[in-house]
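Down below are the structures I want you to see.
Shared between the two complexes below is chain A, which has chain B as its partner in the first and chain C in the second.
And now, the complex of A and B:
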């Protein structure tokens, strides 16, 4: 484990890099929660819907904890959570649109939620003290998400027919922006690697590919042959684009502004 | 696809009795564990476990719900 990082002693560029890293993790968690919540009432069984509901709450709780880490750098998380436009969100590109079917949500649980956990695992053992203290609990809760996603991915792949076709299409769509996000290697990410906050891009990618390989193989996709989306928005640390407006309105809590309690 | 009934047991504290708190339908042990933990999350359980209803052996009621499950499974 690296020596603890003191945000107060960080240079401007390093602080900006840490802020971007926290934001992309927190925004991804918030959007992942929304994608779970889209399926509370459309899941294949009552138990699955309840699990999706609980996991949506997990994701929002994780997002809240991640946004609160901005306080370490003197940033008020309130406006960050509630006032930004869709174009400012740094969430992983594969969560921009609602999952069109249950198979797509299953693919997102395995690949996107899985990718977020890979980066969080690295964050949890890095040099940023707040991450060391708060992220391990998140990862422990994520084990249930991982189990649910894995079981459903295997089930849909084994079912064949339309279920497998939808799973295959979703996997193909999700992988390129997800690989770009996990394997981010621009200047900002490089600063975080140099400061010991997260692991190098090749390590993150190897962990992600290692975890996902057996699943993508079930739908005939060799994850080692899939290219990451080449376009990159360095300001936000994600591929170009943004979450759909309706999701951002929910993420910001637009309908509940009069009831905010901070 | 066939779903299996799993009964859910839990205890709040280390010394408490393990009590039956409900059931879930799932297609395998892994999903049953997730469904049980996420469905019965109103308490901070010290321990939770599940068992396939068809594996429960009735002792004094041959016509009870668990006996029926065994007949169906068997």
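And now, the complex of A and C:
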């Protein structure tokens, strides 16, 4: 474990890099929660919908804890959570649009939620004290998401037919932007690696590929042969684009702006 | 951070800033405040916390393993605690119940809550006393 990092002693560029890292994780969690919530009703069973509800709740809890880490750098998380435009979101590109079917959500649980956990695991053992103290709880809650996603992925892949076709299509669609996000190696991410906040890109990618390989193989996809999306928005730490407006309105709480109690 | 969104002022729709109108259950088991300052303020604080029930499960917060530490100094009671989940919907209830129970004591002037996530709460943290009570309620843990 690295020595603790003191945000108060960080240079401007390093601070900006840490802020961007926190935002990529927090925004991704917030959008992941919305994608789970899209399937509270309409999942294959009531029990599965309830599981989606619980996972949405977890994701928003994680997002809240991650946004609150901005306080360590003197940033008020309130405006960050409630005032940004869609174009300012740093969430992983794989979550920009609603999952079109249940198989796509299952692929997102395994590959996107899984990818976020890979980066969070690295964050939890790095030099940023707030992450060390808060992320382990998130990861313990993520174990349930991982179990459910794995079971459903195997189930749909084994079912064949349309279920497997949809799962395959979703996996193909999700992987390139997800690989780009996990393997980010721009200047900002490089600063966080150098400061011991997260692991190097090749380590993060190896962990992600190692965890996902057995699943993508079930739908005939060799994850080692998939290329990451080449375009990259270094300012936000994600692929170009942004979450759809409806999701961002929900993330910001636009309909309840006058009623916030926190 | 740019913001082109309209800034809507908070409307007075009857929502209290402090949502203490939403009292959780279990307050009927609270003892009357001590008549004088106790010799062992830390133990007395633990005793008071042992009367504060989790809003969803009728065992106390210490029995549930949510309280990590207590300090009392100069009339300030500092309680270190965690929650069962990062998105626990009862956080505000728990904060208010702890504060209201402790502040009722004449020897406590203020209450500070330190919220921790390390070590993460798991059901392993439930005390034997808590497990016994849950068993009577037909809940295994």
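Assume the second predicted complex is superposed on the first by the 262 of 262 C-alpha atoms of A that agree within 3 Å, B and C clash if a C-alpha of one lies under 4 Å from a C-alpha of the other, contacts with A are read in each partner's own complex, and residues count from 1 in each chain.
The rule we apply is simple: contacts are C-beta pairs under 8 Å (C-beta built on N, C-alpha and C of every residue); 3 or more make two chains touch, one makes a residue touch a chain.
Remember, it's a predicted structure, so these values are computed and weren't measured experimentally.
Contacts of A:48 after superposition on the shared chain: chain B is touched, whereas chain C is not. Contact with neither chain B nor chain C is seen for A:225 once the two complexes are overlaid on the shared chain.
Taking chain A as the reference, the larger set of touched residues comes from C, when chain B and chain C are compared. With both structures placed on the common chain, the touch criterion links A:148 to chain B but leaves chain C unconnected. Once the two complexes are laid over each other on the shared chain, residue contacts for A:136 go to chain C alone; chain B is not touched.
If you check the complex, the residues on chain C that touch chain A are 1-5, 8-11, 13, 15, 17, 19, 82, 85-89, 116-122. Interface of chain B with chain A (complex): residues 1, 3, 24-28, 30-31, 33-35, 37-39, 41. For chain A in complex with chain C, the touching residues are 57-58, 60-62, 64-65, 79-80, 83-85, 88, 132-134, 136-138, 140-141, 252, 254, 257-261. By the touch rule above, chain A contacts chain B in their complex via residues 45, 47-48, 50-51, 53-55, 144, 147-148, 150-152, 155, 159.
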